[in-house]
Each structure stands twice: as C-alpha cells, then as structure tokens.
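Structure record follows, encoded as structure tokens.
The first chain written gets the first letter, and so on, giving A, B, C and D; residue counts start at 1 in each chain.
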Amino acid sequence: MGNEQMSEKLEAPIIIVNFKTYSEATGKRAVDLAKKAEKVNRETGVHIGVAPQFADLAAVTEAVDIPVFAQHVDPIKPGSYTGYVLAESVREAGAIGTLINHSERQLKLSDIDQVIRIMRENCMLSLVCANNPSISAAVASLKPDMIAIEPPELIGTGIPVSKAQPEVITGTIRLVREVNEKATILCGAGISNGEDVAAALKLGTQGVLVASSIVKAKDPYMIMTEFAEATKGRR
Amino acid sequence: MGNEQMSEKLEAPIIIVNFKTYSEATGKRAVDLAKKAEKVNRETGVHIGVAPQFADLAAVTEAVDIPVFAQHVDPIKPGSYTGYVLAESVREAGAIGTLINHSERQLKLSDIDQVIRIMRENCMLSLVCANNPSISAAVASLKPDMIAIEPPELIGTGIPVSKAQPEVITGTIRLVREVNEKATILCGAGISNGEDVAAALKLGTQGVLVASSIVKAKDPYMIMTEFAEATKGRR
Amino acid sequence: MGNEQMSEKLEAPIIIVNFKTYSEATGKRAVDLAKKAEKVNRETGVHIGVAPQFADLAAVTEAVDIPVFAQHVDPIKPGSYTGYVLAESVREAGAIGTLINHSERQLKLSDIDQVIRIMRENCMLSLVCANNPSISAAVASLKPDMIAIEPPELIGTGIPVSKAQPEVITGTIRLVREVNEKATILCGAGISNGEDVAAALKLGTQGVLVASSIVKAKDPYMIMTEFAEATKGRR
Amino acid sequence: MGNEQMSEKLEAPIIIVNFKTYSEATGKRAVDLAKKAEKVNRETGVHIGVAPQFADLAAVTEAVDIPVFAQHVDPIKPGSYTGYVLAESVREAGAIGTLINHSERQLKLSDIDQVIRIMRENCMLSLVCANNPSISAAVASLKPDMIAIEPPELIGTGIPVSKAQPEVITGTIRLVREVNEKATILCGAGISNGEDVAAALKLGTQGVLVASSIVKAKDPYMIMTEFAEATKGRR
C-alpha cells in the first residue's frame, strides 16, 4: 500500500501502539501483535497504527495493512553513516512515518527540525513527542504532522488522564494551537484503559500513543478492542 | 540457516561488505547487492559477509545464504528503549553478528564491552572496529570475536595497504595478539583493489572490511570477484 | 557586583564576545581580552559582555566589571555529576548567565528547556542560540531571556548581514515575536565589521553575538571600538 | 607551583578527592575543603589531591599547594569548540591533570585515547576510571598515568573493599599489569573508612579515589586524617 493511501487511513481518532524493545513485541511476536491490531481495526473501524523495531518493520508491513511507524529516524541523508537509521530505508521497508524525540530517545532541537524536514521530503509522517507544555509549543513551531503530548503530571505521578485536572491537557493543547493549527495531537501518557482513552479525546486530543498497557497486557487484542470502542463515544 | 552453521561459514579469509547508508545499498538494492555477494561466494568459495541497514536485514537474510551482520547494536536488554537497536531483534531478523564501534558510530568504552557481552549471550558474533594501534589493543582486551583494524596512516592519507609500510599493519597485529590470541583480525582501511586484499592477508590479517570500493563500484560483482580471487594467493 | 546590578547593565544595544576555546582567549589572554572589552565599554558607554571558558570565568570576573557569561551549563542540580557544569558553580565564579545550545554545543530540546529553568531559579540570564527561523521560534516558546538568531543564509554562504536580504533577519524576528514579546534578540552570524553591526540593529535586533571577528583580530580593542560606535547610529 | 614539581608530589600512596558537583564542594566551599585537604597533607605527609569543578579550579589552585585535577577534559585542540573543556585552559588554571571517563562522565573509546595523548602533550597527568576488569585492561593499553579501578562488585552491592573477596581487586590489578607496568593504580570504589583504605593498599593499589565519604562527611578534615593515617600502615 502506498504512503498516500496510508495517510488517508490516519484520520482521527487514532491509536498508535509503540512496541518499544519489549520481548513481547520483538521478531515474530511483533508480527503477531500487529496482526491483532489489524483485526481490531477491521472489526471496529478505528484507526490503529503500530511502531515496531527497525529490524521488524519489513515483516510487519508485509503482514498487515495498517499504518506502520518507525520508532526513530536519524537526521541524515544517504551516505557514510554506518549504524544510523536512514529515512529512505524505513520507507522502503513500508513505514509511513516515524516517532521522533520519544522521551526514551530524545534528540537535539536542530535534529528534531532536520528529521521533520527529511520526513516531509520523503512524503512520510512525523510524530514528535513532547514531555511538557513549553516543549510541546516549541515542537509545534517546527510544523510536524503529529505531536504526542506527555504532561509530566501524568508521567511522574501515575495519574491517569481520566482522573487528572482537565487543564493539564487543555492548557497544552491551547499552547500548541497558538502556533500550529493543523498538527494532529495525541495524548502520550496516562492511558491505561478505555476510560482514559475517552477522557483524552473528550479533552481535545485526536488520539493516543500507548505502549505497555497494550504490549504487556495478558490479552492485547481485548485491550485494543476496549481502547478502540472507547474512541467511539465522542463521534 | 541457524547461527551456528553460519559461524562455521566464517572461516578465514573473509570479506565483509559494509553497506553503510548508501543509496546504492538501501532497500531492494541492498537485496540485489547481497545476491551478487552470494553469487561470488558460490563461484569462488570465498566467504563473503554483508552488513546492511537495520530495516533491510530481514529481506537480505531471507534472500541469501551468506553471513549477514547488523551495522550496530545498542547496549540494551529487552525493555523500554524506544528507537534503540536490540540484539534479539537483529538476531530474529537473521543477522549472525554486528559491527561495533565503526568509526562513523563510535561508542563509549563501557558500551563496547557491554555489546560484546550481549552478543556472546545471544550466540552472535562481535566485530569491533578500532582506528589506531593502541585502541586496537584496548579492544582486544575486551575479547570480541573479530577486530577490524584501521591504521590511521591508511585512512588519513589514502595510502593503500599494498603501498604502506608493512609495520603499519604488522605492528597493530602484534599488539592485538599480545592480549588476544583468538580474535579474527580484519583490515578495515586502505582496500581499493585485489592487490590491496592480497597485501592485507600477506601481512597477517584474516580478511578485509570494505564499503565504498564495492558498494559504489560500477560493477560490484566484478570487484567482489576480484577481491575474492585475490584472497586465494596465500592459501 | 551582584547579578541584579549586572542585569541592569545589559540594556540594548549589547555586544557579546564568545571566547570559544581559542588560544587567543585562554587563561591570561582571556583576562587581557576582557580588560580591553571593559575599556571599550568605559570609553563608549556601550554594553559589552564576554563569554570565556569555564576555567577562566573566575579570573575574568575578578578582573573586570562587565557582564560575564558561561559558554554552556548542564541541565543538572547539585549532586553526582562528575565532569558536568553546574549553574551554581559558574554563578559563584561570577557569571551572570550562560550561552545555551551554541551551534558548536547543541543540546536536546528538553535539556534547553531545563537549563533555561535552572538559570531562572539561579537568577541568571539564559541566551539561547538558534540556527534557523523555525528553531528560533521553537526556542522563543521556551521563554529564554535572550535569543541569538543565526540565519543559515549568513552562515553557509558567508554573506554579511549588511549585504543580506533584509527578510532573512526580519522574518526570523517576526516569528520569534509571535510567541515571545520580551526576549532580547541578538544577531549571531554574519558580523564582521561595524557596518554589519549597524545593519543588524537597523533590521530590529538588539545586539550581536560575535567571536572570531573580535578574538582573532590583530587589534581586538580597535574592532570592539568600531563595533561599539556602530551601535550608536540608531539611538 | 609548576606542574613538574606537582607531579613529584604525587608519589604513592595517594588520596584523591573528587568534589563532583556537590553543593558541599562548590565555590567557596570547594576552596574550604581543599584547604582542609592541604592541612591533612601537611600534618600527615600523605599526598592528597582534589578534583573540583571547572569553574572552581583557579580559586582552589590559588588557595592551596596540593595537586589539583580537573574532573574532565574534552578531546579537543584550541579552536571553535564553544562550551567544551580545553586542556590548556585547565592547565593555565593550575590543574596538573584530569580525571577521564569517570563512571558519571563516560567517553567514547577513541576520545579516552585522544584525551590521554592531549594530557601528555600538555605535561599533565591522566587518571582514567574503569568500571570492570576487562575495561581496566583495555584502559591500561592506552598508557594513562593513573587508573582508578572500580570493581562492579564494590559498586553494585555496596560491599567495602575491606570485606570484599581479595580476588576482586587483585585480579583486576593483574590484568592491568599484564599490559601496563607503570601506571599508578587507585581503588575507586568501596572506600568508606580508614580500614577500607588500608585494605585497598594491602591488596596492591597505590591509593584511592574517593568522593562522598569525604565531601559529604560531617567533618571532612577528620575523615581525611583517618584515611591518611590508614595509608601509613603499609609503609
């Protein structure tokens, strides 16, 4: 499936599952998990994307027909960069975009800017993570396609979105919108169950970026179904 | 093919081709180039390995039956390391080892040590690059399976191995052997043609690590054949 | 002199001289150069600040009565951070602020944010460098005290400010002002002589951040005087 | 005092106190602590060195007549390296050497090698930290003047040297001596009291590298005196 068609598949609300480097989502198990995501997508109609490890990208994109993201891309063009991640290589492996600046893989400011540009040149989507309100606003100025906001109140304290002060989310959204009207805003923290997903959307985000609550679940298919159904309340 | 069988295939002399992030060796072109390497291996009997980008590993290992290396692996265990390269993921993609500390992707000393240990735990091969004699000796103390020595005289000045002072290579080999009798020693710089390959082996290395002289060649198949034939002079 | 008084001394227009790690501005020569800057300040009334190396900060601040900046501060609090630069240590050495994210010492986005916060907590000034318009806007969202804009057109091509398209500077200033009305904006590239200084101020910046044009000059005192006089045209 | 004379003052046994970025050893308190170290040196005759932060180096070296080390130096020559630490600058500030690769400030292997060379060119001492036996041997190949071994058994578990298996220390010393007969070997972990100091020396090290046990002590003068006296048992 071409990148253009994939992008069309990314209308909100969207759930993106970050596979991290979890054993439960490495190699064959990455493919298995992606197939479950695809099944939930087919059954619920809700858009679900996955972000497997680099070496698993090709097998995953071959096995499923849902949007696949890389977890990181380096700010490089083709050349002598042994051991780095080239946009063209993940695109050829079938990814339609990449996470950028995940809190576990933070980048220099100028590199975030550079990777966003490279994604654009390659007709790929950029999803930049930002772990506080002022950083979210800074990221928004760089005009990525998507921003995952991770309010520190939701990370540090373990408070779920559904129990948090609404301003924690709405304030960040407002800051982002002041400089960027178009970027899709995802909630990237505090999501453990369907109630949290519904709360995140109700507060104004267009989706969620999740990891362990799905990947480490006893029954990821069931949890993804719960998350997907929860997005429907607002439609 | 299992890793054990692959390792057996790695008897010296060996030629390893680093695909870097060259356009000429990305995506489908990585598979094409690997197939040419396999053809040369079949025709000459000389062991040829390839080191494609992460996202190309699975397609390459599926297409060919020669040893495939990753270009880098991070010093991590399965867990929350979004955007990093897990040994288990490149192993599941079919790689039998990895380059470590390439001059374009240098690591902290303790990370080199850690990646070598992780490779060993995963029954994979560690090939550490070292860009001067004292660094080569330091690396040898860490007991990797293979060391690619890159004498600065051969990098900085563009002098090919076949024209260099023999001591440039033999001195480094002696330093390595003082602390490590077993590691396979490759020559990682100064190799442009068959004459250089023959000279590197004559001086005591067990193979070569090459990149642009193959990948950027008009006819990589022809150059790989030349390199492979050149290794036979010493047998 | 207390930090509060120093800050008052920083009214625009201001010239800040980055000593980098130039031999000409290391150790005793850093003190000598700072004394010349102070002399120019006394004679012209124009505010001139200097940014010497860490180990030279104390000697410079003891010798002169002009604003002194560190070249970098790490995003750390007191604790176990051997080899890192603590805000409190450079403050005690007499610095009133620090450069942040200089193009030669770029930081992760979240670290820029963190260092700005730490500076504020220590009642010190943050001067963040930004090397293109969108990065300048991103930096502005983080609310630093000062921003040094470095339009790539002025770096890449060697075009001086006085000969550049005015939009190169004014466009960046406008982007910054959309999200930050207060920060002092310096021109951080393309300044070689008094004409460039005058042009930078005329286009709307409040000063300049310079390095080699002063430090490497045959007669730094003369060039600093030229720069200082050039700022007066607009008053 | 010139560097040459300082080096002579560094005969074993030696105690080196790393000030880290502790509040208790920043600014004026760095000078106070160094003066106490000097007092203990005068009273006991035992060599005590200190490693304050960069910005405190000049004030400390002016105040005391004992060996002063930087905590880190960057692998650079004079030039355009804003925010980095130049060997020449810490030397002019009076330091006679530097810690390298402290576990809190680890370097790339080639950078360790480069900083050791730069120290040698500046007639300064290199003290490289190594946090396991194979890394200690690797470091020894690079020919630094001093090596601080930090057996992981002593870090991870909190076991003091005096209670540890003797082989933990002696095994590492043997590995180091196989490739380097001259380097001064310090014990860089597991030292909390005089008994530990005596044990470290008895096992074959020539001194200790300590931090919190001195800097965070209620009475650093008393503890340094205890450490100094403990070194005398073996003479």
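Rule of thumb we're sticking to: a contact is a pair of C-beta atoms (placed from the backbone, for glycine too) under 8 Å apart; a residue touches a chain by one contact, two chains touch by 3 or more.
Just so we're clear, the structure is a prediction, and the values are computed from it rather than from any experiment.
Minimum number of contact steps separating subunit A from subunit D: 2.
Common neighbours of subunit C and subunit D under the contact rule above are absent.
Among the other chains, B has the CA centre that is most remote from the centre of subunit C. Between subunit B and subunit D, two chains of identical sequence, the interface residue sets overlap for the most part, with shared numbers making up over half of the total.
When subunit A is fitted to subunit B on its Cα atoms, the angle of the rotation, on a 0 to 180 scale and to the nearest 5, is 180 degrees. Note on chain placement: the centre of subunit A and the centre of subunit C lie 38 Å apart, centres being C-alpha means. Rounded to a whole number, the gap between the C-alpha centres of subunit B and subunit C is 46 angstrom. Among the residues of subunit D, none is found touching two or more other chains. Taken pairwise by the contact criterion, the protein chains form one closed cycle in which every chain touches exactly two others. Chains touching one another, given as pairs, are A-B, A-C, B-D, C-D. On subunit C, the positions that touch subunit A within their shared complex are 101, 106-113, 130-132, 134-135, 137-143, 175, 178-179.
Interface residues of subunit D facing subunit C in the complex, by the touch rule stated above, are 18, 20-23, 26-28, 51, 53-59, 70-72, 76, 78-86, 88-90, 92-93, 95, 99, 102-105, 211-212.
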